[in-house]
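Input: structures, listed below.
There are two complexes below, and they share chain A, which is joined by chain B in the first and by chain C in the second.
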Partner chain A sequence: MNKKALTIGWLMVLPGCLFVVFFMLVPLFLLVFRTFFDEGGSFTLNGYWEMFQSTYFQQVFVRSLKLSLISTAICALLGFPSSYYIAKYSRHKGMLMAFAVFPMFTSPVIRSFSWIVLLGKKGIVNSALMTIGLTSKPISILYNEVSMTIGFIQLFLPLMILSLIGVMENIPEDLNLAAGSLGATKLGTFRHVVLPLSIPGLVTGSVLVFTGCLTAYTTPQLLGGTDTRVLATVIYQYAMSLGDWTQASIVAVVMIVVTVCVSSGINGISRRLNPTI
Partner chain B sequence: MALLELQDITAGYDKNVILKNLNLQVEKGELLSLLGSSGCGKTTTLRLIAGFSEPMSGKFLFDGKDYTHVPLHKRNFGFVFQSYALFPHMTIFDNVAFGLRMRKCSSSEIQNQVMETLELVDLKGYEKRFPKELSGGQRQRVALARALVIKPDLLLMDEPLSNLDAKLRVKMRVEIRKLQQKFGITAIYVTHDQEECFAISDKVAIMNQGIIEQLDTPDRIYNRPNTEFIAHFVGFENFLDLTSAEGGYTGADGSFFRADAPQKQGRLKACIRPEDIQIAPLGTDVPNRLDGQIMVETFLGKRYQYNVKTALGEMVVSADQEHIYHSGESVTLSLASNKIILL
Partner chain C sequence: MKKSKSLFLVTCIVYLFLIGPLLIIASASFSDTTYLKFPGEGFTLRWYAQIFQIHSFLAAARMSVFIAVAATLIALILGVPAAYALNRYNMKGKDAIQALFLSPVLIPVIVLGFVMLRYVVNQYQLPVVTSLLVGHTILSIPYIMRVVTASLSNFDFSAEEAARSLGATQVYTFFRIVLPNIKSGIASACIMAIINSFNNVSLSAFLTGAGVTMLPIEMMAYVEYHFDPTIAALATLLMIITLGVMLLIEKTLGLKSVV
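On to the complex of A and B.
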């Protein structure tokens, strides 16, 4: 690249960089910074220490991690076959993609309210279960971890599907045919060719879904109960209800660290499954 | 009986019919080439044999058994793709081992056979690399090894050399031919390179718009084309409309030609290559004489090419540089009687 093009390139990324630096990196740095100092201004890790001592926070932390991981896994399981079908076999690719993405067009608030209607004691799900006799009295699937997980999955499945389709579409059909001609069954081809080559999409999708679940606020707030708070709702509680911004910041930092750790963990696993990515 | 037989195969994509009642026979141990212009259906035919698609109608017999609906993974045919289609996430070793693993071979057997085959294609020492770390020619050889290692009953190759440079193409086609003969593999080879096709094949099937126009040995295709299409294809540039007469044939202007080929009756087309026509000054007494006037002379390096206007149409003549004629000159042409092909 010549010098002039390089200069122009820098000029073009400058506005975006400035925006990110001033509205994201600087506040983030300040946020992290303040959690390590007490009122007197001397360095301390006490905030974190106390936070992790509290059983309440421990429960919230574990619950957040668990629900996010479960939702991510279910999104991957549900998303994989549908993405493969849409990417490889479907004649109505455009329409099916639109269907998959459609839930993203409504706000999480509205979607959560629909789930409240569906999952309530007198909701469709419970009525149906009782009619077919699977249960004699309504099971509780609202305002607990079940409804939150359902909400997360509906919220983030489209992200998983879109990431997977993007990668699967680029797997040449010849590779499947080559595997078949070498004696691989459909299942074998899937296991040895399609799956490993879809890993990059699975990684992107999982990171997006996991981060989404961990940081989502509306869905756990509306579909969870008071005894099933997660990190995101706790931050709100600390900051808005208790006015304790330092505590809120500490939780936020914990959240960032978890996201980074899990993302690199996912990356590590995928590298083992497909060494060339 | 032929090892492979396509009977009245009709095939295509959706409602689009590409192959129309195609018939083809391949004998055991021979290498047959499918040659034809782009879009004539060579790949379609090959993919159908491989089992990538099924025909709309017709039958595919292999070794006496009906293979028309045998699923892809049960056919034991090797396929070499134009794009090579190597598995990008596997090492060269794993690529070649893939077919053996699917056949549940033991790991020592896999180790031996893969290394043996890699040695065969001159790729020993590359087994730990990934496909993207190889050159085009090396990838091509991996693709070949991967198809050979399963000891296929039939080897199918779709323009396997078209991504290589000219020199390597010549080298690789010799390699392919050697391996094919060494193991007595029955093979079908798709190409649209005429020279490559003639060099490598036992038989050549010329395809045109979804049918096979002639299936013959390379030299018969080259010297005795059956149809005008094939004659054009293999370099006959001069076509004459003739009518049979006593001991020969006459043209529209009354000129008389003798041909060595067995006499045919009625109106027919004859053809001859540019280098099989002699050119001489006007009025020279020559057999199979046709007079004309030079329209264009083209210097081709070793030889001269003349476009000559005659009463039977324009003739292309290729001559050495002993005597050079110029445009506007009147000349006499002599058509070699043993080189005239009757269609």
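On to the complex of A and C.
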């Protein structure tokens, strides 16, 4: 490699690098750095200590993790069978995948709003419940944790489905036939062949769904209430409504730490369990 | 095939859950009632006409399109040469630089919005449009980097060497040999980046202001105070455009190359 070409190479890389460093990396560094210092400029962990001491933040923190975990589990439960059907049985695979992509391309505002219409007091879900006689007057399913979870699942289920289809497609049909000819039942084949081979897709999908739920802003803002705030809505509340940038910074750092830990943690565990990934 | 039948049933439920609410919105947009109602009553197109009466929607839509396209263009200008150089000139620290370009994906967008507002926009007193452009460019860079790197890894650089040895200049070679070979990759990256930017809420929520607003933010504000079918009509219109874009992608690039 001659020197001139290398110089050209660096000239091509540099503008983009500087852009990301200047507008994202340095600000992020400042954000994290300043949460460890008080107004006098001495090192302190007091901000974090006080944050985790407050019952309000504890509730928000636990709620965020809980709703993300529940949504991820339901996405996996719903996504696994449907992805398997699409990858292995369906004759309209392309079309079904397109219909999974379509909601992803649709604004989260529209998707959350559609649930406001459905779950409201005069919405179709409540009228259906009253018609069957399950309830005599409209129940409130909106602006609480239930509606948020429903919104999350609808928002991120396509990611799970696409991740799973990606790996399930590559499971050779021969393996199923071989298992069958060796006497395995359909369920046995599923448990011992399909399931282990789908783990990488399940892991990718789960990380995407979990971090997606944990950091989503639109859905909890539209489908949650003032007493069901999560990390993302709290950052916005602290920063924009209350003007408390110190608190907002601390919550933001907590969010970064949790997302990074979860994604690298889960990926690390799955790599240890299955070195082929 | 008993098993596939139960799988089929689950798949139906899943798709009903994914698409059903969107269809209900679409059907409610034709309802001849002053509030959103499903099943609707009567049939009218007046809510569609109403969209174009709301000035803030129009201004916000124009701004959203402008920011999405302009930010993606800037991301292209920054990202394509970088992806090319990283693949072409086996540079030192290649992996680290690539990671840097992909890193915005790892940071929650809501945090990105807050950080940029606090340490970039307020620090340097950037005008609203500039800060939106910068923010959305950061969002788009990873898309460009990822897809262009993938297309370049399939590109045979000996074609470039051949052109060079026949006397073509480096710049000419880049535009006539390299670029045409990765143009479908670039196109799909652009589409993804534009859609992502157009639909973004978390970043824009922090960076809009002073009379400059984006369509999703405007829609969210409208939803908080109104419950008439106008918003359903706008949603339907946007979904029709999305479907159109998807059909176009399928016909030209294949949907699989994009997602």
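In this section, the second predicted complex is superposed on the first by the 240 of 277 C-alpha atoms of A that agree within 3 Å, B and C clash if a C-alpha of one lies under 4 Å from a C-alpha of the other, contacts with A are read in each partner's own complex, and residues count from 1 in each chain.
Just so it is clear, a contact is a pair of C-beta atoms (placed from the backbone, for glycine too) under 8 Å apart; a residue touches a chain by one contact, two chains touch by 3 or more.
In this text the structure is predicted, and so the values were computed from the model without any measurement.
Chemist: Chain B versus chain C on the shared chain A, clash or fit?
Modeler: Overlaying the two complexes on chain A (C-alpha atoms) leaves chain C and chain B fitting together cleanly.
Chemist: Between the C-alpha centres of chain B and chain C, what angle is found at the C-alpha centre of chain A, to the nearest 10 degrees?
Modeler: 90
Chemist: Touching A:Pro196, do we find chain B (first), chain C (second), both, or neither?
Modeler: In the superposition, A:Pro196 contacts chain B only.
Chemist: A:Gln237 contacts which: chain B (first), chain C (second), both, neither?
Modeler: neither
Chemist: Would you check which partner chain A:Pro172 touches, where first means chain B only, second means chain C only, and both and neither mean what they say?
Modeler: first
Chemist: Touch test for A:Ala184: chain B only (first), chain C only (second), both, or neither?
Modeler: After superposition on chain A, A:Ala184 lies in contact with chain B alone.
Chemist: Quick one: name whichever of chain B and chain C touches more residues of chain A.
Modeler: Greater contact footprint in residues on chain A: C.
Chemist: So, A:Leu30: does it touch chain B (first), chain C (second), both, or neither?
Modeler: second
Chemist: What's the minimum Cα gap, in whole angstrom, linking chain B and chain C in the superposed view?
Modeler: Chain B and chain C, overlaid via chain A, are at closest 11 Å apart by C-alpha.
Chemist: What does chain A use to touch chain B in their complex?
Modeler: Where chain A meets chain B, its residues are 172, 174-175, 177-185, 188, 192-193, 196-197, 274-277.
Chemist: Which of the residues in chain B come into contact with chain A in the complex?
Modeler: Residues of chain B touching chain A: 47, 50-52, 72-79, 81, 83, 85, 87-89, 98-99, 102-103, 130, 132, 146-147, 150.
Chemist: Tell me, which parts of chain A touch chain C in their complex?
Modeler: Where chain A meets chain C, its residues are 1, 5-6, 8-10, 12-13, 15-17, 19-21, 23-28, 30-31, 78-79, 81-82, 84-86, 89-90, 94, 96-111, 113-118, 122-124, 153-154, 157-158, 161-162, 186, 211, 214-215, 217-218, 221-222, 232, 235-236, 239-240, 245, 248-249, 252, 255-256, 259-260, 263.
Chemist: Under the touch definition given earlier, write down the residues of chain C that touch chain A in their complex.
Modeler: Counting only chain C, the residues touching chain A are 1, 3-4, 6-8, 10-11, 13-15, 17-19, 21-22, 24-25, 28, 36-39, 77-79, 81-82, 84-86, 88-91, 97, 100-101, 103-104, 106-112, 114-120, 134-135, 137-138, 141, 170, 195, 198-199, 201-202, 205-206, 216, 219-220, 223, 231-232, 235, 238-239, 242-243, 245-246, 250, 255-256, 259.
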